[in-house]
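As written, the chain order gives the labels A, B and C, with residue 1 at the start of each chain.
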Amino acid sequence: MTKPSYGLTKGAQLIPNGMLDDNYPRNMWWCAAHRDEVTEKPLARWLLEKPVVLYRLADGTPVALDNRCPHRWAPLSEGRVVNDQIVCPYHGMEFGADGVCTRVPTQGAVPPSARVQSYPLRESGLFVWIWMGDPEQIDHDPVDMAYTTDPDWSVVNGLMEVEANWVLIRENVLDLTHIAFLHANTFKQGDWDNPPEVTMEGETIVYRQDFPPSPLSPLFCAGFGFEDGKVVKREQEGRMPSLAISFSDWNVHDIDAAPGERVDYLVRGCHIVTPAQRGKTHYFFAAAFDVPGVTDEVLEKTKANIVGAFNEDKDLLQKIQAQVSEDPRGLDFPEINLGADGAGVRVRQVLKRKLEAERNG
Amino acid sequence: MTKPSYGLTKGAQLIPNGMLDDNYPRNMWWCAAHRDEVTEKPLARWLLEKPVVLYRLADGTPVALDNRCPHRWAPLSEGRVVNDQIVCPYHGMEFGADGVCTRVPTQGAVPPSARVQSYPLRESGLFVWIWMGDPEQIDHDPVDMAYTTDPDWSVVNGLMEVEANWVLIRENVLDLTHIAFLHANTFKQGDWDNPPEVTMEGETIVYRQDFPPSPLSPLFCAGFGFEDGKVVKREQEGRMPSLAISFSDWNVHDIDAAPGERVDYLVRGCHIVTPAQRGKTHYFFAAAFDVPGVTDEVLEKTKANIVGAFNEDKDLLQKIQAQVSEDPRGLDFPEINLGADGAGVRVRQVLKRKLEAERNG
Amino acid sequence: MTKPSYGLTKGAQLIPNGMLDDNYPRNMWWCAAHRDEVTEKPLARWLLEKPVVLYRLADGTPVALDNRCPHRWAPLSEGRVVNDQIVCPYHGMEFGADGVCTRVPTQGAVPPSARVQSYPLRESGLFVWIWMGDPEQIDHDPVDMAYTTDPDWSVVNGLMEVEANWVLIRENVLDLTHIAFLHANTFKQGDWDNPPEVTMEGETIVYRQDFPPSPLSPLFCAGFGFEDGKVVKREQEGRMPSLAISFSDWNVHDIDAAPGERVDYLVRGCHIVTPAQRGKTHYFFAAAFDVPGVTDEVLEKTKANIVGAFNEDKDLLQKIQAQVSEDPRGLDFPEINLGADGAGVRVRQVLKRKLEAERNG
């Protein structure tokens, strides 16, 4: 039986990324699911190396329980929800939303210890957030995602299962200089010649970079109603308010706008990662245009293009994870940092502090 | 190299089931194969985490040897049996039924240490039984299975490979209260509202339970020549004479029988488990109607229905095994017992005593 | 993280074969690839449990580098070679043939520690050889393979990926007495009734054996222009000049040659093994007839037949490797040697000395 290590493996890395370990802080909100994935039909999902079942009560309240019946360990997700009780598929034991057993079909009394852990959930925008750590330590809300369901925005979103540690994705989305290489044929935004400026605003990592006029990535033109090849000025701004989520704002300035016409546009990428099992991550993404009423046809095309580009990341990160896992040297291999790693290095600093705080606290 | 642990992992369980370990007593008869699987053509089979080859001599005697040639470890099962000698596929060394090498093609003398272990076998009814422990300690015969080849009975039988520890199957078949839930759409015998009475008769675990008139499971109606929905009284009686095998007797009483017509019927389920590899089990089953001459058509249909129901068990037990294996908490998770676990708990008690006796003795 | 053990597991073996371990000497030439596999398009290959990328410069020089970018560990093999620099697919860092980074696109200065290991390569005949150990200790050339590209010879060659430790293949090809059994239906050369004479010529293991007239294996008749069933005298001579490679010479004497016609022929088998990952081996083979101008049609048919026979070895060795890996007894199982193991036992002696020398030196 493997115990969670709650730590980072030492290697040749200055601050290890922990990619082969359990490197997941517990006392924070992680994304459990898209809101519409959680229904009256139970959903089984590994979250932070625990099997969890997610479902919704008749009044719409979402519920998360350990997905192991405390009797003979059947996955509750194989059962059904009846009268707001989840019924174990094996012997029919029933559990309420608090995880307490309410009925054993073959006997009158319910053993008092018959209960499973229930996890706090909160919904914001398109997403359901879960707190897997000590519920006493909940001291803030999940990041506000209301814009993702705001009719003034047009949104595409999705979920990719990636066989790589979450930090690899986190670093990937916070260093966009890779777009010029890995995504040369998809994003086609090759003007990342310098690293962005990176600062901390409290605990939030922030990067900013201005780009002179150049053709906007074809991934985003249709969403704004631009023709392909539209030349714009851009300010790229990224924010990571939590290890679980970061935003990537493409602030677009139409340099050819006629007087009185709209000049400034924004497409906000959002990158949400949730550790699943060792070396496996749920990656929820959304791209939101601050333009209402984009047609389904345009959104579907945009989503297909974005997924195509993100699959380039997925393929490479999975190759990295697999190769490092199979290489007997593991993390004991040189790892240098570049100027473009300003945000990524801060991710590791934040992570290291958080893991140490949980270990000591 | 993993050593057999010959024990039970400690966890949150009162008496661990050992589902992630080698929890197999050696000094007992386990089922190696159906009788008709053992022929002059060698059969490779993992039994109690050892690779074994099974075959039959010209006079019909079944033989079991370690399936590793003592020269360069080729599986003997890839060779042929010639003149009652099994011939290694690699360099043609030959071995007798006692495992002693009788010929080395490229030299005159046979090295005296050229031998593999031979395991005692006994046949009873449809089954071949193997003793993997100390042969000096054989002090009883395998359970008598003569009824399975008795022409007064009509039998269906089969073998399922289940990726779950054998104790999970053992507990499953000794607690039929799960039929009302897991098999609601197959057995359709939903009247298990109370646990049965469980007693020990010597080392044999016994349960008994009477049911008032209700429709008999459609799985068994055709075998008795009953129309579907036939209302009967039932006495359910189970017996586990050995960890390797248990019986499940459905004693059926025809409450509508005309005077002088047959009133009492029996269908005897038999559940035979043999550990294969870690977390993998050979599950031999048979259902025998005490009615002669049931047609092949009825038997085939009955078998298909039974396999359909048993696949519901297999699917769920495999999910349990896989999830517990992948969950870092492993066995360190609450496990409560219910009133219906009377037989199952006794299985663990018998197992624990047997493993401790072997460890100490 | 698994550390290379650089050793041999102890078990019941007199001299362990190390088949479950890292049993690879480093200070020697191993075969990295067929020459024509190494082109300007990078090739990813595991060699001695390291991920290596192989490619060729514009002037034809072959290059081997660690296939892990020292920045964020992307496999360089996913990138391209531009102006003799290999470009990382992730952030575009460029590396020269010596493994030193020459360009970081997003910054002016290159960190001095930005480099990966470069491995010495040498080409001989059809093959490219790599030195994975201490380059200071290179004191000899790889075995001369010039005959494989000599127009006076006609050659078939190939690469098989075998999921078995390299020693199993090495012993297989140095003890041809298995041909009478494992290859009874392919080689059809059943006259290995005695072991060959085995000697050491310096560090080279040599075996020799004369055979009286008998039909030559159908695998080799066509290559010499013989009809199938051609009766010849044979001298079989094998040589292993290095653990990485051995030769198997079939010296064929035409006893029916008309006066003045050619009497002596040779088909030289060559067996090259390179450890890939744990329990996995690259197996390069060639069969060369000392006859010029054999047609492509005959060579293709000959290759298909040889591959058919070698697949019999591959299948059996993989079964051995898998079974020993899964057997909890592992190497702790009897292993006897026969008279025919003269060459194989010497392989283990040579290997043991070499591993001990590297461990101590």
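Everything that follows uses one rule, which is that a contact is a pair of C-beta atoms (placed from the backbone, for glycine too) under 8 Å apart; a residue touches a chain by one contact, two chains touch by 3 or more.
All figures in this text were calculated on a predicted structure; none of them were measured in a lab.
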- Query: For the protein chains shown, what form does their contact graph take: line, ring, star, complete or other?
  - Reply: complete
- Query: Copies chain A, chain B: same or different interface, half of numbers shared as the threshold?
  - Reply: different
- Message: How many angstrom lie between the centres of chain A and chain B, each centre taken as the mean Cα position?
- Response: 46
- Taking each residue of chain A in turn, which ones touch at least two of the other chains? none
- Message: If we count contacts the way the header does, which residues on chain B are in touch with chain A in the complex?
- Response: 9, 20, 168, 171, 175, 177-178, 180-182, 192-195, 316, 319-320, 323-324, 326-340
- Message: If we count contacts the way the header does, which residues on chain C are in touch with chain A in the complex?
- Response: 1-4, 22, 46, 49-51, 67-68, 70-75, 78, 87-92, 104-107, 111, 113-116, 277
